[in-house]
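Next up: some structures, all given as structure tokens.
Each of the next two complexes has chain A plus one other chain: chain B in the first, chain C in the second.
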Partner chain A sequence: MRQVQHQSAFHPTVILWMMVGLSGFVLLPWYMLDDGLFSFSWVSDGYPFDSDVAPALFLVLQGQKMWLAPLGGLLVLPLALWGRRKNDPVFGNVLIAVGLSGLVWFFAQGYGISLRGWNAAFLTDMFGKLPERQFGMGWGAGLVGSAFLFLLTLGIAARGAVGGDVFVVSSIGLIVGLVTLFILLPILKMLGSALITEDGGYSLSSFAGKFLSLRIWGLGCITGGSRCGVAWNSLFLAVIVGIVTTLLGLVFALIATRTNARFQKLLRALTVLPVITPPFVIGLAIILLFGLSGVFTQGWAWLFDIQPTRWVYGLPGLLIAQTLAFTPIAFLVLIGVVEGVSPSMEEAAQTLRANRWQTFWTVSLPLMRPGLANAFLLGFIESMADFGNPLVLGGNFDVLSTEIFFAIVGAQYDQAQAAVLAIVLLVFTLSAFYAQRFWLGKKSYTTVAGKGDAGVHPPLPRGFTLSIGSVAAFWLMLTVLVYVTILYASFVKLWGVDFSLTFGHYIQAFSVGWNEFGLHWNGSAWDSFFTTLWIALVSALPTAIIGLLTAYLLVRQRFAGKGAFEFGTMLSFAIPGTVIGVSYVIAFNVPPIEITGTAIILIVSFIFRNMPVGVRAGVASMSQLDKSLDESSLTLGANSFQTFIRIILPLLRPAILAALVYSFVRAMTAISAVIFLVSARYDLSTSYIIGRVENNEYGIAIAYATALVFVMLAVIGCMQMIVGRRNIGRRGQAGSANQIQVPGGG
Partner chain B sequence: MKQILGTAALTASLLAGTAIAAADSLTLYCSADEAWCQLMARGFEEETGIKVDMTRKSSGETFAQVKAEAANPKGDVWWGGTGDPHLQAAEENLTAEYLSPMRDELNDWAIRQAESAGNRTIGIYSGALGFGYNKDLLEKAGLPAPACWKDLTKPEYKGQVQMANPNSSGTAYTTLATMVQLFGEEDGFQFMKDLHKNINQYTKSGSAPIKAAGLGENMIGIVFMHDAVAQAASGFPIVTVAPCEGTGYEIGSMSIIADARNPESAQTFYDWALTADVQSRAKDVNSFQVPSNTAAVQSPMAPDLSEIKLIDYDFKKYGSSDERKRLLQKWDEEVSNLPQ
Partner chain C sequence: MSVIKSNAASVEFRGVSKVYPGSKVAAVDDVSITVEQGKLVTLLGPSGCGKTTTLRMIAGLEFVTSGKIVIGGMDVTTLPATERDVSMVFQSYALFPHMTVRENVEYGLKFSGFPKKEIGERAMAGLMLVGLQDYGARLPSQLSGGQQQRVAVARALVLEPQVLLFDEPLSNLDAKLRRQVREDIRDLQIKLGLTVVYVTHDQEEALAVSDRIIVMNNAVVAQEGTPRDLYDAPANAFVADFIGEANLLDCEVTSVENGEASVRLGPVSLAMSARGRAPGPARLAVRPDRIDLVNPSTKNTLPATLTKVTYVGKHLECLAETEVGTFFAICHDVDAQVKPGDMVGLDFRGRGPVLIGD
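Let's look at the complex of A and B:
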């Protein structure tokens, strides 16, 4: 397709990565510094000789950390290729050998040698006690590691993989590397830690004991005991929530597309609410409305002269809260499906004298089946992963996600127990995810083809319209009631005691004053607000880049193992936040990657939690771009990197913006993973709000949450204005770039 | 190449020479309430100029962290949190011995705590166990005010009492251990079984029951009395009760971590934290524990320990992990599985 153009004696990309690797080895501090990655005080802290801040070369020259020396040797080895051409098999083979052995040694030394010398007993037995130890990897190590990775991909490309395209092979290598390091590895480490016993050994039987314990799988609630295991609770709740949200979502999708109801627009507007509502705020509002002292419970008790009860805590409250939160997600999925059922099928049925009800029941509904299953599975996964609502409303109804949290933070502090629970949760969500992809993915129910049709769906049966209309109206009222309660509660002085209105909570959280240095952010919420803002902003860009790059590889390139690649990149969607949080704590609080308590771990967790959003946005809009565009660019002599940058990216601008905004918004509302990862220095809005809720300061918690909702509304509004509605074809496209399915904050 | 390296090294060493010596610093592990932790960290910074890097985690988590970091300690001082994990850390030599010049000013119980751990920890505050109730809800339901532990097992309070789960909360474990010491093991467990019938929820966190009561979501919560007082101080209709039979208590502790990186800053903080002035500040952040310094000023709202019948709580026995495990397992098997 293209010709190799470099005539120079040495491949420039090889030089580039060698330089990167060597600068990591020779110039930058090898280890992570106490002040974090973005502080440069190390320059004056005895650099380059002090062993804390020394680059690897200086360490080795001083006779320390001799195990780093081979890495330097491997980095200069590609010089042996001087004068060889890219299509020479030796060129590729040497690079593969260098990259592979470099990576293997790099990780072997990182995981083999840790804070206490050898990391495993068998290494001590084999080599004797090691007097030296090492800390987490820093800048130098990072550069050296990536140099080896890209030398490897260069070699693979030179051997002819994916048409010898260096950019594509390197991109695949990069994404595989990142996904392995930040998704697979933590999960595997967590699986390993589930085997650890209390005295630090490994044991399968202790794992089995924990895994099969009655607390997880007990069936007491059926056999007459007091309660069932957490696994059954989670499963039961998730199934019901999945069914209810799917049915409600279908109702709204039908109303939005097949009736002339006036609240259509309102319906669509409401779908954005759960995306931008911080978690557990809905739960709080439900307590205020239906709790023991809630307006409705008290009113009911007064009306019928009975004792008010705590009925809402447990299954009922969770059902209400999760249904409110996740119905819009089902709606977003189903509206595309309901629109996608071709009117010609329905017309045909009617021509054959089916009445409206028969048409709907025997034609329209069966055609929606995959969409319904999809919506059910999404609701199921969301409910399983939900953390905020069970935290405030759970009562004695324990579910997996909160049990994981309390196994880590409570007095029991049992990492192995948390890991066991996380595994159970992971098995459930992954099965649902797997079912969604491989069972539904293969069925085609496409009925919208190029053929013309009237484009108008037949009306629904009248009685049916009426009943779904009233269901929808009831739900709308409940939603509005919940949000009005939230807004109102943010102005109430002390809920339950003093209902006078005040701006006090907003002032306490967001007051601004002047002092001798100028503007002073007095409010107690500013710290976490600014931290959240910059971390969300910083993580949005890499999320979008990695997501779009992945989408490009998935849509435009063919390579071996693409199926596994796709599964790996979408995997983090099915991993509940609590599981990610626990596995990050377990995997990243010891060398070689030691980033707990830093901002980096938050950014990394956001990038990989939200990556599927970027991928979806990219895939959706890239499928709409004709491949001939790339081909003409390639024919005109551009390489695939130039094509990606100059042709595809500009055309994807709306998708990029959408991915940016959604990853930003999700980062602002995330709680389940970050609650494990925040520290005093890097506290986030959501964990700050949880802290206030735990302290009974509902007013300030709700005021802060309300402010966040408005901030995010503004951000989304701006995006809508910038992106606008983009219609390339004549038909309004279902599921276009403006409608990315965004799972809730979770 | 060599020359470049040489120059770089020279420049770097020059830079290092001219750099100002880094200010003293202190890494503080704090296991008390967030606001109180902030108060301590910022106050120490302001008064000594020593930079404080504070991490707040529950005492269970902090213990696990200190243990994990034993080969490479990162923390200097561990301040706050219930005494058991501090005692356990002392037992495993994770914390360092230190005799503060401030000891003369402290209450007996604080010194006893230090001596039982070979002076590797010391009491900084204490709090008695008790319960609190929402007087509005009680009135509305027309129920009498409970005054004793045994009152809580009466059938009229069915579904109105909350306590934390002893597996996940130190407060609830203290409750369990108190009942065993107060009534004897058999009667203590009988009490827990009777109480179980009235419990509407075993919460995860120790202070959650009284917070729910403050919001009117629960009537009676079994908690440390200072937590109940804090709710009343925030304006909630909570009445704090010191049970008539007597009650157990916790001693919040402080320890210096063994082989700390900044041992001098750690000792400075240790002495500073034991002064009457610093301990008097707790009430400003709604913490109503009893300070260990006899001269410290207590809030008038705080429970007066001298008027509360305290049992002779055996911290050594009931803090040991074997006894703890045994009691928790017994509670799991004999109490928590009963139908309500």
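Let's look at the complex of A and C:
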């Protein structure tokens, strides 16, 4: 055994978490303050005695909120472990007992006692009416909760879990805790609220009534009645978009890998488009081109002397917009698959007298089948979850995601209805996700990475090459048209009416002036722009950290329940932003976590919406890091935390940068979740733009969107340059960060 | 100037088994072995027999499913790698690509509580030991494969571990370098008196470097002993065939007296150590280079017909058909006038044939 230099009488990690917990209990305000977590005005607001800002200890000493007292008692209990070593069974058992009972009590009081005293009628019946009430948890509560969590994981590690590795067990505890708190619980709470009837009771039959209503499942459009239910609309749209984007993605992948077309580079550059473009921007362009006052519609009407129609609003427009928006995602998936088909298979087929066409049909295509299914499911999920496009050009074609939105923000404010719709949406996407995972195999994080072995892919049949070439050219033209239109429209005075050019929209949005205080940001967009910027920045770091930590656990560690862990963290892939938005609104506007209307809820939603990006980036590059690097660090006496910090993080620098930038960019372009969560004080760029669109102020909306696209382009460009240059003599490491799959914003 | 010493200790496995999660068969099955202090012991066996798993259990990178591991008299069964005083040289060397050679060597010292000054001195001493004192500022990617490996060895040595582990250390080197490197490792081990456990699947390498060899097959120990023991007296057919080559034949033990057996092989009768066998049918192993081709009329030789004679430079390789089976024999006299179809006598005098178990 290695000689241990310092052998203190009390385990240092226990001291650490006791200190953290006690400072939360004794020093910091227990409850959430009116002006948020990042303000320190409480220091002069009657601290520590005023009950609004008092730490738990002072509350209890003044005879208030006595239910907090046991937490303090539990926090000092680990002192009993003085002098005991980590491998002493008592050590682990005591910590497990303290941590577990602390957590249980912590959440029991949090969820049990709320703004109106006891939270449930049966508790009032049992214990009598409570004279006091409590608010959302704040700093103090947060620290105490974490202290209990990490004392528990320390105890579990001490009992020998995962080789007694405290860092690994604590990390697992952290991720499980966060995912439970910010993904699982909100969803469950939303499910629960779907059962609530108008008069506040719970009823299964009322739920069933709503769930099975004609509004959702009606088949009117087939049987000759009026309209079909929103569920069928969403499903129909998603299936078609899935099929079309998969086929187009395949076309592009084949062109990019199997022909020597000159525009291969251009094609690959296209994949960055969905990342930098807020999803509804495509929808806007479609309106500008084909809408009522769109250039094509107007031109057509003028040419044939007919009334311009609103034909594009609804299914046709949605199909065009979503196909344009999501094809790059399918392309990204399929390019790996197409490259992964070993050329020697195809060469073998040719030596067996198959011609080019037969080779493609009998060998290449079947080998790509799993990839095709994968691309289809991704397109399906993206289309289901898309919110921006249906909002701007859905017309009378209602889909689930917008319907949810209107249930919450509309005049009806019907939480239960929103929850029911969200459940339907969730069932669809989760089924697709489930199918992808269990029908196509487990590797959902990583694409097929392996390049084919030596040999060259045989060229495709001539006619086939020509036809896919023309399809691709058409699509490219359309894409270029979309972006040119957007750019041009941002300078047009009033589209469809007055096509004269102007800087007016930019000036209105982004003007800067001087006044007696110096620089003054006059433009109407600055407020939301700066808010978006700092919130995206603040959320990028935790996203990357949580993502990489999860990836580390998934790739490098073996532990009981790893399958469930993996499934849980992957789940957020499949949860549409709209559903997250609704469930956050429902779950986090009452204690114990009361953060609606704050910046925190935006940050939290970004972190957990974008976490899969960090996980993907981490898994992709960590699987390329030779495992013996960390093992040799361990045998050289570094523990797993030191190894993570000194070996893994430095070697993953490109992946970390990529994860940071992508989560930043996705946060800047996201709309579906945050539209529920923004407030007057914290408005974001995307929701501001959508607001302008709804007011028919297209000019400023488009100018703002254009500016956003350029900002994103600059950010991504800088990152590519930095990542591209960095290459420290490592096997197969270069460029891995560039291949990260990023599902589009939304 | 600090000097690298050794804190060599013994390693002992007591009934160790390892079953990987999700697998039904054991990767290591009830293995009990001892590695004496200051000795170089090789784990030898075909790919997949459990050598790496055994090594990783000594390092603390895998944990036993059952059994006990004792290092230096202390039970370390549940200690993780970080807390064991064992260093390992990995097959891929696992040098940290973002650190210089010197930082690599200093890495482990930083976690061992040495003062800063001593860390530098020890790292230097370690590099000196492997002859790379001038390469400290380079990145691993700027070194040749052999140099990289020496860095990996220095990095492990400076910690003065109780046990030093090597997993197939030569497999990434080109053929010419292998002999040199294995001599270097052996010299260093003897000079510092290190306890070394060395994994290889190459029997020649194992014979050349080891104090003792532990032959593994299918997750169990097939035989252990000195290189000479294993070559001259393989315990069973697997060992006989895996170490060197052997002709394996059915024979008849006619009598056993004072541990000496009389063995009948076709028309030939031979005397050899009984190795615990009773009279009756038995198996015989004969090394190809311990068979002499003689005149067929010589007494007590096995009549044979040559079916194939191949010239391979330093010797002739012959296949000979006999009434008890086909023999593979090596004839060191390259000028011998033998050709296919010739009748010869196979002479097994000296220490040639041994009785083996199954």
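Here, the second predicted complex is superposed on the first by the 708 of 746 C-alpha atoms of A that agree within 3 Å, B and C clash if a C-alpha of one lies under 4 Å from a C-alpha of the other, contacts with A are read in each partner's own complex, and residues count from 1 in each chain.
The working rule: a residue touches a chain if its C-beta (ideal position, glycine included) is under 8 Å from a C-beta of that chain, and two chains touch if they have at least 3 such contacts.
Source: prediction; values computed, not measured.
In the superposition on chain A, contact of A:Pro650 is made with chain C only, not with chain B.
Of the two partner chains placed by superposition, only chain B is touched by A:Asn396; chain C is not. When the shared chain is aligned, no partner comes close enough to touch A:Ala69: not chain B, not chain C. Applying the stated contact rule after C-alpha superposition, one finds that A:Ala354 touches neither chain B nor chain C. In the superposition on chain A, the chain among chain B and chain C reaching more residues of chain A is B. In the superposition on chain A, A:Val497 makes contact with chain B only, not with chain C. According to the touch criterion, chain A has no shared surface contacted by chain B in one complex and chain C in the other. Residues of chain A touching chain C in their complex: 1-6, 87, 160, 163-165, 558, 626, 628-629, 631-640, 642, 646-647, 650-651, 728-730.
The residues of chain A lying in touch with chain B in their complex are 26, 43-49, 115-116, 133, 135, 220, 224-226, 287, 291-293, 307, 309-310, 313, 395-396, 402, 406, 408-413, 415, 494-498, 589-590, 597, 679-681, 691, 694-696, 698. Interface of chain B with chain A (complex): residues 5, 8-9, 12-13, 15-16, 18-19, 33-34, 37, 53-61, 63-64, 68, 71-72, 137, 141, 159, 167-170, 173, 200-202, 204-205, 208, 211, 214-218, 231, 234-237, 336-340.
Chain C contributes residues 21, 59-61, 63, 71-72, 74, 76, 78-88, 90-92, 94, 96-98, 107-108, 111-113, 139-142, 152, 155-156, 159, 165 to its touches with chain A in the complex.
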